Amino acid sequence: MAENQPLPVAIIGASGYGGIQLVRLLLEHPCVKIVYVGGSGSVGQNFADLYPHIAHRLNLTIENLEPEQVAERAKVVFLSLPNGLAAQWAPRLLAKGCKVLDLSADYRFRDLSIYESWYKSPPRPDREINAKAVYGLPELYGAQIANADLVACPGCYPTASLLALLPLLKQGLIDPSGIVIDAKSGTSGGGRKGEINLLLAEAGNSVSAYGIANHRHTPEIEQICSEVAGQPVVVQFTPHLIPMVRGILATVYAKMRDPGLVSDDLLTIYKVFYRHAPWVKVMPKGVYPQTKWAVGTNLCYLGLQVDQRTGRVVVVSVIDNLMKGQASQAVQCLNIMMGWDETLGLPQLTFYP
Amino acid sequence: MAENQPLPVAIIGASGYGGIQLVRLLLEHPCVKIVYVGGSGSVGQNFADLYPHIAHRLNLTIENLEPEQVAERAKVVFLSLPNGLAAQWAPRLLAKGCKVLDLSADYRFRDLSIYESWYKSPPRPDREINAKAVYGLPELYGAQIANADLVACPGCYPTASLLALLPLLKQGLIDPSGIVIDAKSGTSGGGRKGEINLLLAEAGNSVSAYGIANHRHTPEIEQICSEVAGQPVVVQFTPHLIPMVRGILATVYAKMRDPGLVSDDLLTIYKVFYRHAPWVKVMPKGVYPQTKWAVGTNLCYLGLQVDQRTGRVVVVSVIDNLMKGQASQAVQCLNIMMGWDETLGLPQLTFYP
Amino acid sequence: MAENQPLPVAIIGASGYGGIQLVRLLLEHPCVKIVYVGGSGSVGQNFADLYPHIAHRLNLTIENLEPEQVAERAKVVFLSLPNGLAAQWAPRLLAKGCKVLDLSADYRFRDLSIYESWYKSPPRPDREINAKAVYGLPELYGAQIANADLVACPGCYPTASLLALLPLLKQGLIDPSGIVIDAKSGTSGGGRKGEINLLLAEAGNSVSAYGIANHRHTPEIEQICSEVAGQPVVVQFTPHLIPMVRGILATVYAKMRDPGLVSDDLLTIYKVFYRHAPWVKVMPKGVYPQTKWAVGTNLCYLGLQVDQRTGRVVVVSVIDNLMKGQASQAVQCLNIMMGWDETLGLPQLTFYP
Amino acid sequence: MAENQPLPVAIIGASGYGGIQLVRLLLEHPCVKIVYVGGSGSVGQNFADLYPHIAHRLNLTIENLEPEQVAERAKVVFLSLPNGLAAQWAPRLLAKGCKVLDLSADYRFRDLSIYESWYKSPPRPDREINAKAVYGLPELYGAQIANADLVACPGCYPTASLLALLPLLKQGLIDPSGIVIDAKSGTSGGGRKGEINLLLAEAGNSVSAYGIANHRHTPEIEQICSEVAGQPVVVQFTPHLIPMVRGILATVYAKMRDPGLVSDDLLTIYKVFYRHAPWVKVMPKGVYPQTKWAVGTNLCYLGLQVDQRTGRVVVVSVIDNLMKGQASQAVQCLNIMMGWDETLGLPQLTFYP
């Protein structure tokens, strides 16, 4: 399965939570070798100065090289940077023959004007490159990812939401105008930043909503939903901050077109839809997943219930926001890009509880 | 304001979380005196054996008397019992001239067949008494509560949900068929019971949904919504278990009838609706409450946002599930029943954070 | 008890966690009126912009006046400032006739060289004023506080630790060279600052030690212990960060001088020692307090056990770090300074759980 | 490294937290195969009915066979039973030629009278078998474990405490009479039992001490310490319940014999002591581990500080209580018993944060 020589990979923006997940995953991946960790604020430090628990497994200094220099060392580059920066890195890396997996939002939108509007970005010059980017949701775009040089890894909320919605939209089972997504995330989704609202003293033992009606993951969800449904889909998306470290639970509500379908019917449809998806698990009737099932894995667990009284289906989707919602999904994409098994090197079971 | 003699009150079922809240509240209420604490499993124990932190303020033994005996000591009785038991207590207490505040579901339904169906109860013989019960949501039924002998205190989820919905339904601003209520509760809502799923090891650092499409608070919410709207209202209600001790946040979604209304319009309507409600606070535009604002108080904080893209309004409502969602709302009702100020003896500000 | 006119008080540094506690406490205090809230970073904002939940109870703009101007409005000033700043404020306020309660470390040390050394401070010019400061632990220095113009409110860890140790040291029951204090604090003790290690993502679901052998509360504890014991006392003090918002639990270990004393003996001694202390509660044998008993109150709960095998006593002391450990203890001191009952306006029972 | 045929293993008492860890670990171990999961309360259920998240990896029914029948299927048996039951199972399994790893306390004491006294057990008939048991702390007894048929896996607190103390005791660096161990554990240490004090509502957002002066892990720690020190060692051990799911942090205090030794000296000694121990990591000076570093791994992280003022050393030791403190340490022992590398199949890095 693996080549003789491990694949040299680089991580740009390795100091954040996405970066440390990538480091952890790639260190234990049987076919790759981390050859470069890049940062800006912590240049010159050993990576283990930031994360002392990892010192016995990694001895690399954080550097701040130009993309072309990185490309001399690595064949694959993960970009784990704030929005707007990947668009500066990717073209130069691609020009040097690197494959690029971008964890930011920069290449997630086929129509860059949506990006520019929701992300308040100046006009982007890299339209040609953007056109070649593939949205890195393997359960939907596996074939395109296999041939991609530039993968735009999905956001955490879109991953959880889309995996809940895809079978319904693909089969035309729901009214596309009535979708409500109520999502709950651990605070690690806010990043390793010293922000007041992410303090344990503030976010601990409490729950709150934010970004109502204007969260940037909304158009990302709508773009993929619309493509799958074959018609414009508008969703109501509300994220919430939950007093836990990791995990996303998305509760998705949709109006059924056929009031005669029951939970068992939909569960069958879901199981068929995901029969070749090793990372999506559809739970038996009456079983709803909790986020901790997915923590530390690349798994998405789905549970659902049809409410005959209301004519709606309620789908519950859980992932680890930093894994299937970010870093391990990127590695899943890497596996596909390299022709490896898509489960290679990825953890398959959490340590419960 | 207070009478010369404190009002003697009894608490039946004092050992649970509802009971300890009532004890705490009534101990510091300027016009009442706790004269009896009743229980079954802990009869003969001092109340402070169950809750040692309270020993310096309360010295009462838990007893297990007949209702008539309780009525000899107390003029007002709070029933904090599992569903089904209040219906055995209330008639006998009322017959002896006591006022009764019931924290269970027994008297919340005008149509007892709904209760019998959702609560899997045998036919109830106390239809006449049930007909006299008043639903104890003071912001809606204050006048009736003032004259009631039997108050059915609302459930925690219904309180948070209804306070979010009342102005919309009263004014006919929303489509009553499209309401979705996604609610999040701390685990104290499950009671002081040794259940696996409520363990910190299980519920900690995780979030999960439960009772999808069949939670018993659904018909309670629908009954009041329908009455206010003047037409049948069906709601989609989904509760979630949040890794926190106390608090409920309800995120309420509804389709606006008039697409021209903006957030400022609705905020004005809400402020007018609640202008005489000392316990409901409508937040300024763009401010959404978090549950810890309400913890330890009888307050409900509301925030809202109209989403022009989707034509929906999203309302966020937070309460303390054991206070406004249970015990302090009962005391608010007591205040009204006794002709006292409805804020009497109730905490008005949390200790943040 | 109260005067006819409420006492005008000012809070300098009102935006932090100490400040918001003071605001909350003083708003509900029957004999005072907040006339000024001072800050630096948030000047010109309404206090409710920082803490929206309080908007319905307080309408004050944060100002940044000179001490003399503050003294024209207020008769009592609470200083809730970073270490080093109170020493600039207090002399000017005292000169204008204000009474001052300082929540920082500036006036806690009778020997300023200890302060200068442990706090890495330049030499302090205010030795005369420092000499007049009284250490604001009412259970020990109540008489002096009653006559003080300047009270140095104790640190959170010293309060919990000293209340555990005082009876033992006063009676000469323990070997003063063998004291170990292992303390555990909620993260609010770190303040309302955007620091990485205080993020929920970092401090949540985890525990860690910090400041081993060099925490600044060490000499503060030792100063009072030495004074009480009548001989130099050196303590081993280690604080830990606990994944909770509020509360301190100090586990205190000491070697008994008389191996014949048993737990009941010590409990009797503790109860006698604290018989006039309304805010310290000694628990029955075998009952150890948990921090949430004290949250939101000015209480300290103590439990203890003599270990005959080892010849040691283990004392467990819990307080709310922001209350008895900070703000409410300051109000307790104010009560004493003003000749009011020391329980006036202070919460006496938590809302459990 | 691995044999051609996977080793058939059984887990008795698989439904608890120890059991689910073993299942998770052994499922991913390259050289073993789970052939039997035993339970009593859940006989006949599929294991995935208890832990639905594992359904895609394990399809085994919980059985309740006699030891001899289990021995026909498995060559190695893990006993994860309440104290007292392993003593009934082990003799019968050993008689059939199985190797046994016991996670309970039954075989941890060389002197059974200590067990009988602290565990309030009737006299044990299996003294001969007990004499053959090896205490499963590989960092100390690796050679004996390699030849053992019966391994008594250490308790969680003893593991964390002993790894902190061994270098000090072995080298005679500390006064053996002055050891204080203040330990903090996540609530999963209490097991998957519906106990009130382990509820999130009770244990959440709070900290408490328990078992002061009488916790059963005390004599277990003392037994090993005494053996290593070559003289009787008595320790003061106090456990605390921390509002987190997993992890133990032990803060260990000891009086140095040589006041001239500094932190660097001790760090060198620790590194040498553990130079062949792949699962113990000694941190650099000034770095103290937090529990989440170890979660989901078999690692123990150690940090220490010499306090010149007090003449003590303070050692901080963290482990995952269910892993190095229980299940993964058992697998480490299995590796050694089978002649495999002791790191085989065990996770080496957590997913931070």
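Per-chain residue numbering starts at 1, and chain names A, B, C and D are given in the order in which the chains are listed.
By definition in this document, contacts are C-beta pairs under 8 Å (C-beta built on N, C-alpha and C of every residue); 3 or more make two chains touch, one makes a residue touch a chain.
Keep in mind that what you see is a predicted model, and the values were worked out from it rather than measured.
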Centre-to-centre on C-alpha atoms, which chain is most distant from chain C? A
If you tally C-beta contacts across C-D and across B-D, the winner is C-D
Would you mind pulling out the distance in Å between where the CA atoms of chain B average out and where those of chain C do? 36
Just the number, please: Cα centre separation of chain C and chain D in whole Å. 39
Averaged over CA atoms, how far is the centre of chain B from the centre of chain D? Could you give it in whole Å? 46
Contacts with two or more other chains occur in chain B at residues 17, 186, 188, 192, 201-202, 204-205, 243-246, 289, 295, 353
Looking at which chains touch, is this a line, ring, star, complete or other? complete
Contact residues on chain C for chain D in the complex? 178, 180, 182, 184, 201-202, 204-210, 212-213, 234-236, 238, 240, 242-247, 249, 251, 253, 288-292, 295, 303, 305-310, 312, 314, 316, 353
Touching residues (chain side chain C, partner chain B) in the complex: 17, 20-21, 24, 27-28, 51-57, 188, 192, 204-205, 245-246, 281, 283-284, 287, 289, 293-296, 301, 322-323, 348-353
Using the touch definition up top, name the residues of chain A that touch chain C in the complex. 17, 186-188, 190, 192-196, 198-205, 243-245
